[in-house]
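Here come two complexes built around subunit A, the first alongside subunit B, the second alongside subunit C.
Showing the complex of A and B:
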């Protein structure tokens, strides 16, 4: 099973507590059908359609006339050969790995910090959730200004004489992907914090107390108690984080639109741009299929690490 | 005396925790004060920590510009909420309390759909909706957002409904209540805290939606506030102060909810992520 969200499927523990009456199960289908139909029609079918599109030559003209010809793997071949795609692929890997590493470390640090009681803890915890609740257009606009040539970062750096001329955070060739990664790290802190914090709360305090008696210091406690006990939670957090990060779209679209000159695209924004700016729906779909394969393989990889430990 | 010392020690942790919290909240603060400044002041070097001559004018301007979009945001958020609960409530109940042959696969599909990249759903849906002339129709956006809110809400509700004692339901059933009646009169009232959580999270998701509305609603008179704000950027020369004031106005509802219902949001988020 490679889907970690709600991830143990029905059955198992709750089986004993299910309705025992046979008559009820027929009616039960009535309850489940709306969701099933919805997901099949609006989730699964688009996905299959996506795959079909990726094997066809779908442009505005062929779509309108309804005569999109089959082209086999030509879309994939052209996509893979494209320099913009290659850069985008590297960007996505860079973006995902850096985001994941830093979000996790910051979230973990915060979780440990908050795993004790102190005054105003509830309020501070709610404030940490702000990046998650803030509508993406709001945080995206902020970072667009924050990193702009005359924006906040350059404003401080210039005023404090650290630099002579503005650093082109989102207007140069190499820097934009790092700028959007930084914004995304900020965005992902609440998620990592919440999952790791909940995991930490579940560790019995006695474990730490006995370590205290044995004279373990802070680092030893983290390395020999927190990490091993938290291992399943950590892997779940990383797996989910991985999935969420590979598919990020809005943030990058709002800050750079993948620009300037296609240098800061992720797979998601590239496919969107090919679909809605260039109307190359077929090639856009091939990018999506590649992105989905990436998500699935990363998840399988992380999950195999999890089962190894069990 | 020792109690006093204990208190002091605890406040020390408040101070330590305050540092990262302030850094995390810092973008929001600069958006808020940006709305009180002229564009020249926003780009002052070094940036102002406090607005030098605060003015409400830009908040007023932003509000006037955004007001027409507000109606659309409300229609979409509430429409999506209704659709999401209508589909998610019964399915969560069935997934929690019945042993169905398709239960396992339905749950898997829900979790799977929730994981899908939005772009992977939106590009094909755009072509499909276009055939049905649904582009530039609220319905397309509502249906599109629900692709993600329905699985999300179902997973949260199911986790909660599993904790409702089955014996209670069976007793009512034996007493002659129909299954629908059991659902309506027992399950829904008992699950109301979870319904509130799922409802709040669904509202926040739909309110903040960007990509679905951007893709399906090209007609300005139908666009929600998020796209109204994005249009501020698109225009030649960004009016940053108006954009920041507008952003702040747009962010207020979810922020209030987050501060009031922070605990249930956290509970809801984690309910989906970890299972027994």
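Showing the complex of A and C:
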């Protein structure tokens, strides 16, 4: 896992000043060896290997015998031409943007709500964390049942006569991607809530008190104090959320397996399916490279917004 | 130089400790210098087959005190990726199991060792005792590479009690009867008459194949009327509400069995492994009315043509020559008629050798429909483009799902699939595989 946010070790600069540079520089190299080896083996090597695979035609047989021919960018061209890929790309954008927007908004308002005291606050706060605590296999299986034709949602709607036949949440062409997005929003709320709530707690109460004296209303306090002060936290939350969301795999795989009829794939599930269902390792790798480019460009975009503000 | 001293001390401690660890590992290794034969499979460690292999291993170790059998479990979804990695690093375990559709590819890729000479020595009659489809699957160019030790196929499970309540005396024999009975069940009991599994995985294709093949359709000619009719029939069942649309989203065939056990559906397509999984003897007694029939066919008098499933074991292509004889010894035990019979009784599977198949019926009469169908059951890769089968299969399940959820008509869905499948092959290859499939299908249908 990389940290594209440019996280540096806290206090790194101070320590180098208290020791003399001459002795510590070598010691320093010694200490980064484990991390370096780890990153090289588990980060850089797979990345490069994946990129190489994406430039070859790799099937099960050529993969094992090591005789995969180079095909240049043919995998990318075929992938981009593929209708299933095009829909999957749109799905991923839709899934990511909707998830980020709603997770953030809901998390933000919950954080504001919990920033004041009220009865049972502690209990409710831990209840909010439930989605985060549950293993995805549990929540995923639950959502599959929740959205199925004879599941809970349809059961309620039918019982209250809102509909006369079940809505095909995950058994139709258009709805499944929204159903899995909804599930993902639910899963992501605690993450947004925790980060924003922590950020909110750090705002000095005096700022709000003086705003109150100046006669600011609720909206004005949010817009002119909370938002500007929280800005770095907000952007970090969104950036991390973005990385986590683009690479979601398990949730969709458990709920729909990318189906029915390939309509609910994300880039990650499509890549897996091409690799391990069809054994087109080359094309599957090209999908991953495209997915990675998407994550990196979105992160760069958010990072540039952050540095602009600083 | 304070920092330097700490570093030296650290390095010294580290060296002393690691030396100590290395020495002790060495001593332990010398103490138990045994030949290890690793057996790798995805059989559920709590299930009948895995336990049986464990028993065999204990027995084998008793007879060969110098040998240690190491039985390794890898979950189904991880087994093929694991074999791939092992092939690259030439560390495929001595005895490696694979699901039968992968076997032709693994043979081509050199994962398995040629055991033809050993089989000849053992006695050719042993090989000929295996049913034809299993022999064809585990051999290539007249050389033998593996044994299929268990098989299964699909039949129609039904709840007698529910059928009787709906005024039905006998299970359906034709598609038309299946539809009519499902309608009766829906009207009388307000439950689903019929369910199968149409999930986005090999299981989805595998459950479509009996309908396709029994109607004379081929995976390589999906745009033909025989194929379209088959999917049309299944789609009508879903659209009419006789079959739940949720079949496209079940996590596997086991989910359908849950509905069946809960009396939410009266009839289902499923495999004989269910007797070793959900429908164990105590559950069967509790339900009291579960019965099995051969799958309904398009017209009376036709044969139900089903795909066969099951697992194969072979010896690794990269095996240490010193271990080969021992590995073959163990494989021979797994492939012998008597072991196969005992293993499959525990596993809920069907034996792949004629001599064992005859005997299992006396033990488990409920397996009769499966055994009847097993005679003509087809190996999926051989009627689906051999090593391109996984690719074809994933195209097929997508088409099936599209039709069942009415995203496309059966005709549109299958025509698209057919043209996608044609693109996988060169024109020559396509002709060859298509004709091969035609021949095998005609033979299986008895026409």
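Here, the second predicted complex is superposed on the first by the 276 of 310 C-alpha atoms of A that agree within 3 Å, B and C clash if a C-alpha of one lies under 4 Å from a C-alpha of the other, contacts with A are read in each partner's own complex, and residues count from 1 in each chain.
Simple rule for what comes next: a residue touches a chain if its C-beta (ideal position, glycine included) is under 8 Å from a C-beta of that chain, and two chains touch if they have at least 3 such contacts.
Since the structure is predicted, the reported quantities are computational estimates derived from the model, not experimental observations.
Looking at the shared chain after the overlay, A:63 reaches both subunit B and subunit C. Of the two partner chains placed by superposition, subunit B and subunit C are both touched by A:144.
In the superposition on chain A, contact of A:136 is made with subunit B only, not with subunit C. By the touch criterion defined above, A:27 lies against subunit B and subunit C together after alignment on the C-alpha atoms of chain A.
The wider contact with subunit A, measured as residues touched, comes from B rather than the other of subunit B and subunit C.
In the superposition on chain A, no contact is made by A:208 with either subunit B or subunit C. In the superposition on chain A, contact of A:178 is made with neither subunit B nor subunit C. Shared-chain residue A:276: touches subunit B and subunit C both. Shared contact residues of subunit A, touching subunit B in one structure and subunit C in the other: 19, 24, 27, 30, 63, 141, 144, 150, 254, 276. Chain contact summary for the complex, subunit B toward subunit A: residues 10-14, 16-18, 20-21, 24-25, 27-28, 30-31, 34, 42-47, 86-88, 90-91, 93-100, 102-104, 106-128, 143-144, 146-147, 150-151, 154-155, 158-159, 162, 165-166, 169-170, 173, 179, 183, 204, 207-208, 210-211, 215, 226-227, 229-230, 233, 240, 243-244, 247-248, 250-251, 254-255, 257-259, 262-263, 265-266, 269-270, 272-276.
Subunit A meets subunit B in the complex at residues 3-15, 17-21, 24-25, 27-32, 34-36, 38-40, 42-47, 49-50, 53, 58, 63, 106, 109-110, 113-114, 116-146, 150-152, 155-156, 158-160, 186, 189, 191, 194-195, 198-199, 233, 236-237, 240, 243, 246-247, 249-250, 253-254, 268-269, 271-272, 275-276, 281, 284-285, 288, 291-292, 295.
For subunit C in complex with subunit A, the touching residues are 1, 3-4, 7, 77, 80-81, 84, 87-88, 105, 108-111, 199-202, 244-246, 248-249, 251, 387, 390-391, 393-394, 397-399, 401-402, 404-408, 413. By the touch criterion given at the top, residues 19, 23-24, 27, 30, 60-61, 63-66, 141, 144, 148-150, 168, 170-173, 254-263, 273, 276-280 of subunit A touch subunit C in their complex.
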